[in-house]
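Beneath this line is the structure, given in structure tokens, with notes to follow.
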Amino acid sequence: MTGNSNRLIDAALKLHIAACVVFIFAPILGSFVFSLNSDRFPSLPLGQFSTEWYRLIWEDPFVWAGFFNTVIVGLVVAVIATVLGFGGAYTDFRYKFLGKNVYLALALLPPTIPVVIMGLAMLAFLSRVSLSGSTISVIIAHGVMCSPFAMAIIRLRLSQMDPDLEAAAWNLGSNEWATLRHVIIPFARPAILAALFITMAVSFDEFAVAWFVSGLDETLPVKILGFLQGQVSPRINAIGSLAFLSSITLIILAQVLLRRASRGTS
Amino acid sequence: MTRSRPSLFSLVMALPLLLWQLAFFAFPLLFLVAISFWTVRNFQMTPDLNFANWERILTRTTFWDAYARTAMLATASAALTSLIAFPAAYAISFKLSERAKQWLIFVLIIPFFTSYLVRIYALQVFLSDAGIVNAALGMVGLGPVGMLNTTFGTLVGMVTLCLPLVILLQVFSLNFVNRDLVEAAHNLRCGRLRTVLAVIVPSARVGLVIAALFAFILSFGDFVSPLYLGGGNPPTLSIMITDITKSGQQWPRAAVVALMMIGTLLSVAFAAIAYAYKERGK
Amino acid sequence: MNMQTSIQTDAIVRLDGVAKRFGSFTAVERADFEIGRGEFLAIMGSSGCGKTTTLRMLAGLEDPSEGAIYLDGERVNGKPTWARDTPMVWQSLALFPFLSVQENVEFGLKMRGVGRAERRERARTWLDRMQILEFADRNIAQLSGGQRQRVALARALVTEPKILLLDEPLSALDAHLKVRMQAVLSNLQKELGITFVYVTHSMSEAFSMADRVVIMSRGRIEQIGTPREIYHAPRNRFVAEFLGSANIFSGKLVGKSGDRWQVETGHGRLAVAATHAPDKALGDTVTFTVGAENMHIATEADGLPGIRARVVGEEFVGASAIVFLETATGEELKVQKSHDELAGIDLHAGTPLILHWEPDSCHVLPGE
């Protein structure tokens, strides 16, 4: 291949990768920098270093209320989505049945539907059954949207399992329930934990559907949306940076868990 | 083990997810179809079989304008993102070491876990008339360039939204291209660019089309970029839905718009997948 | 359909008209046999012959489509595998990667509710017996193939079952390990006195370890017998060809005088001693074998009657050699003799030779 290796083109391509990464991360890093900037409308040259915005959100009960709602929703959704996703993943792993494709479509399609449409559909339906306008509504909606992620993560891990492992446990006297408890779940544990973290992270940032259905019990992302619509406020940057740090922590943990699983005991 | 009747165990495993998705995913979407025929009386939605909503929406030029605008933006976003992504994806898949590849993939996953809203807000700061980009341009004596409340602004936001996903999907499909084919092409004295166009792109066609399809779907449904970077005027279909929903109880009309969107997306998805998997005739 | 729930039998396993179908595919056509207590039974055949399906039915991983299986006198159709006492040693070993070696071995006991202290003791006793006690707390990924094999055995045997099922357990091992493990298994079985049901595609494994062998092909049982019986008296052409060491001839029965038959074949009229042959009438087709070691070679010059064939090649097998020949009609024949016996005979490719044998060394295939 040496005859076709053109150093210049290679360098240009790598530069392009860097440019894309810069483009993608500029807003993220920008938000972080702006959150520590005294200017209300940041520009070049940058203003002074300031933690004013963090102080403001720390003292704002409105923000705290949103934060608590988000955390509660996130924790509950993580558990629900992981449990539902586990069931779906195991079903796909073990059983063949008529209509399996429909089952899988129902389980995995939600992320492909635009959030405005999901939001509207949820709002209409949940208010009809008087379940709208509260934290419960957000939990229900996020349960739908986050289960596919949990299911995919756990399904991937199950496909790494020796297909005879389950039968070996049965053969040694362990019925299906005991095998689930003593073999399947221990084997899938890293993926289950990863699913918990990732579904929590997805729920944390979901604003659109939550905006439609949460009514007065707004989650934090919904409040950010409010801030965006109302007065421009750099508090958004502070909130965003904190949210980013927590989400990042969650995914790093999930990544570490998944890597350790496939490298170590497979 | 083979059992003819579903065991309690299998039902306990399979049913929860099924019931949840049926009740809270499938049914609400079907409900949308139903309410598109309902009427709003006294600020309340009442069941009916009424084509008025459909008539009203589909005869309005504002609707079709919004439809055209949304379709155009989504197509432009999908095309732009795919074109920007491809050289990067190509370089990642073919030119980088395993370690660098893994790092970059990790880096590209990070944006999924940041708030899209916050990123758009930061982009506002970057693109505003007195913002970062214009200030930088001002330092070299250029500008200021109006970037907010324009189509350009909207597209910047959409590309920000779609680029990580599209790069990842393209890298994933390029990874599956048989390296032997590439070497064979080089062996037959096929230049680099020609190899890319004649061998690599066709081999990875399915993945590239699917990546563009995802970008289209995401952009078609997005309301944040058109609203906060594009000014919201003229509106896109998604903005229409949020306007109708938040300003009144005219959910049936919003449902009509939503169903038109779903119909469009399904058609585009089918067409794209059919094209992607089309057999190369001889 | 036999609907009895228990039967009087001394055998520990009995298959009664058992068949297994998957949709339109018949994996096992009809299996009828018994396995005795303390017997080492091998089920042998090439892939797809139904041997693994049969084993899985004994374990309870598949249910028979027809017929009944009796374990220790009790009809077990439909009884799930965790309710049976038929531990299996898997081809892939299927050891639990998230448990230590000792925990793996303890698993079956834990599932049966055995207390912690007793579990530990019994597991460690078995680990010691298999000479891997030092690895008790290690993760199974740190063990070699042969060591993992022993863990799998210990895990299956720690519950002291009456039957042990083995699904091609040695197929993943190197040749020298294989031979060593064969000895381990043989000795273990004799020591414990329990029944081993061993599935394999390797004839040498089956014949060297088993008391009796079941040969299967495409869902059908072709023959059951001791290795000696099968080797010296194959039932039909399939088994004879499978064994590979015999020459097979086929022809029409044209003369009978007591035990001496005259069979008209493509090579002329041949004399066959039909001592254990079934009753055949004149005109019936008779298929018989002559072992490679029972063939004699003569040259044209000797002037003896026999079959003409040309040498194709030679293969060394220890102290003897197998000479491959081809007749004018393209049939392949084999002669196995010691090097001494072959000395002095020109065995260049293409050399014409005459092959003959004693009629008593023929074996008529009863199943053809």
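When the chains are written out, they are named A, B and C in that same order, and each has its own residue count from 1.
Everything that follows uses one rule, which is that a residue touches a chain if its C-beta (ideal position, glycine included) is under 8 Å from a C-beta of that chain, and two chains touch if they have at least 3 such contacts.
The shown structure was predicted, so the numbers you read here are calculated from the model rather than taken from an experiment.
The highest number of C-beta contact pairs joins the chains A-B. Averaging C-alpha coordinates per chain and comparing to chain B, the farthest chain turns out to be C. Chain centres here are Cα averages; for chain A and chain B they lie 17 Å apart.
Centre-to-centre separation of chain B and chain C, using mean CA positions: 61 Å. Note on chain placement: the centre of chain A and the centre of chain C lie 56 Å apart, centres being C-alpha means. Of all residues in chain C, those touching 2 or more other chains are 60-61, 80-81, listed in ascending order.
Each of residues 1 in chain B touches at least two other chains. For chain A, residues that reach two or more other chains under the stated contact definition are 167, 170.
For chain B in complex with chain A, the residues that touch the partner chain are 1, 6-7, 9-10, 12-18, 20-22, 24-29, 31-32, 35, 45, 84-85, 87-88, 90-92, 95, 104, 106-111, 113-126, 128, 130-132, 134-136, 139, 159-160, 163-164, 167, 183, 186, 191-192, 214, 217-218, 220-223, 228, 238, 241-242, 245, 251, 254-255, 258, 261-262, 265. Those residues of chain A whose C-beta lies close enough to touch chain C in the complex are 162, 164-165, 167-175, 178, 182-183, 186-187, 189, 264-266. Interface of chain A with chain B (complex): residues 1, 3-4, 6, 9-10, 13-14, 16-17, 20-21, 23-28, 30-31, 34, 41-45, 83-85, 87-88, 90-91, 94-95, 97, 103, 106-107, 109-110, 112-117, 120-126, 128, 140-141, 143-144, 147, 151, 167, 170, 176-177, 180, 201-202, 205, 207-208, 212, 221, 224-225, 228, 232, 236-237, 239-241, 243-244, 247-248, 250-251, 255. The touching residues of chain C, when paired with chain A in their complex, are 59-61, 80-83, 86-88, 90-92, 94, 96-98, 107-108, 110-112, 139, 141, 155-156, 159.
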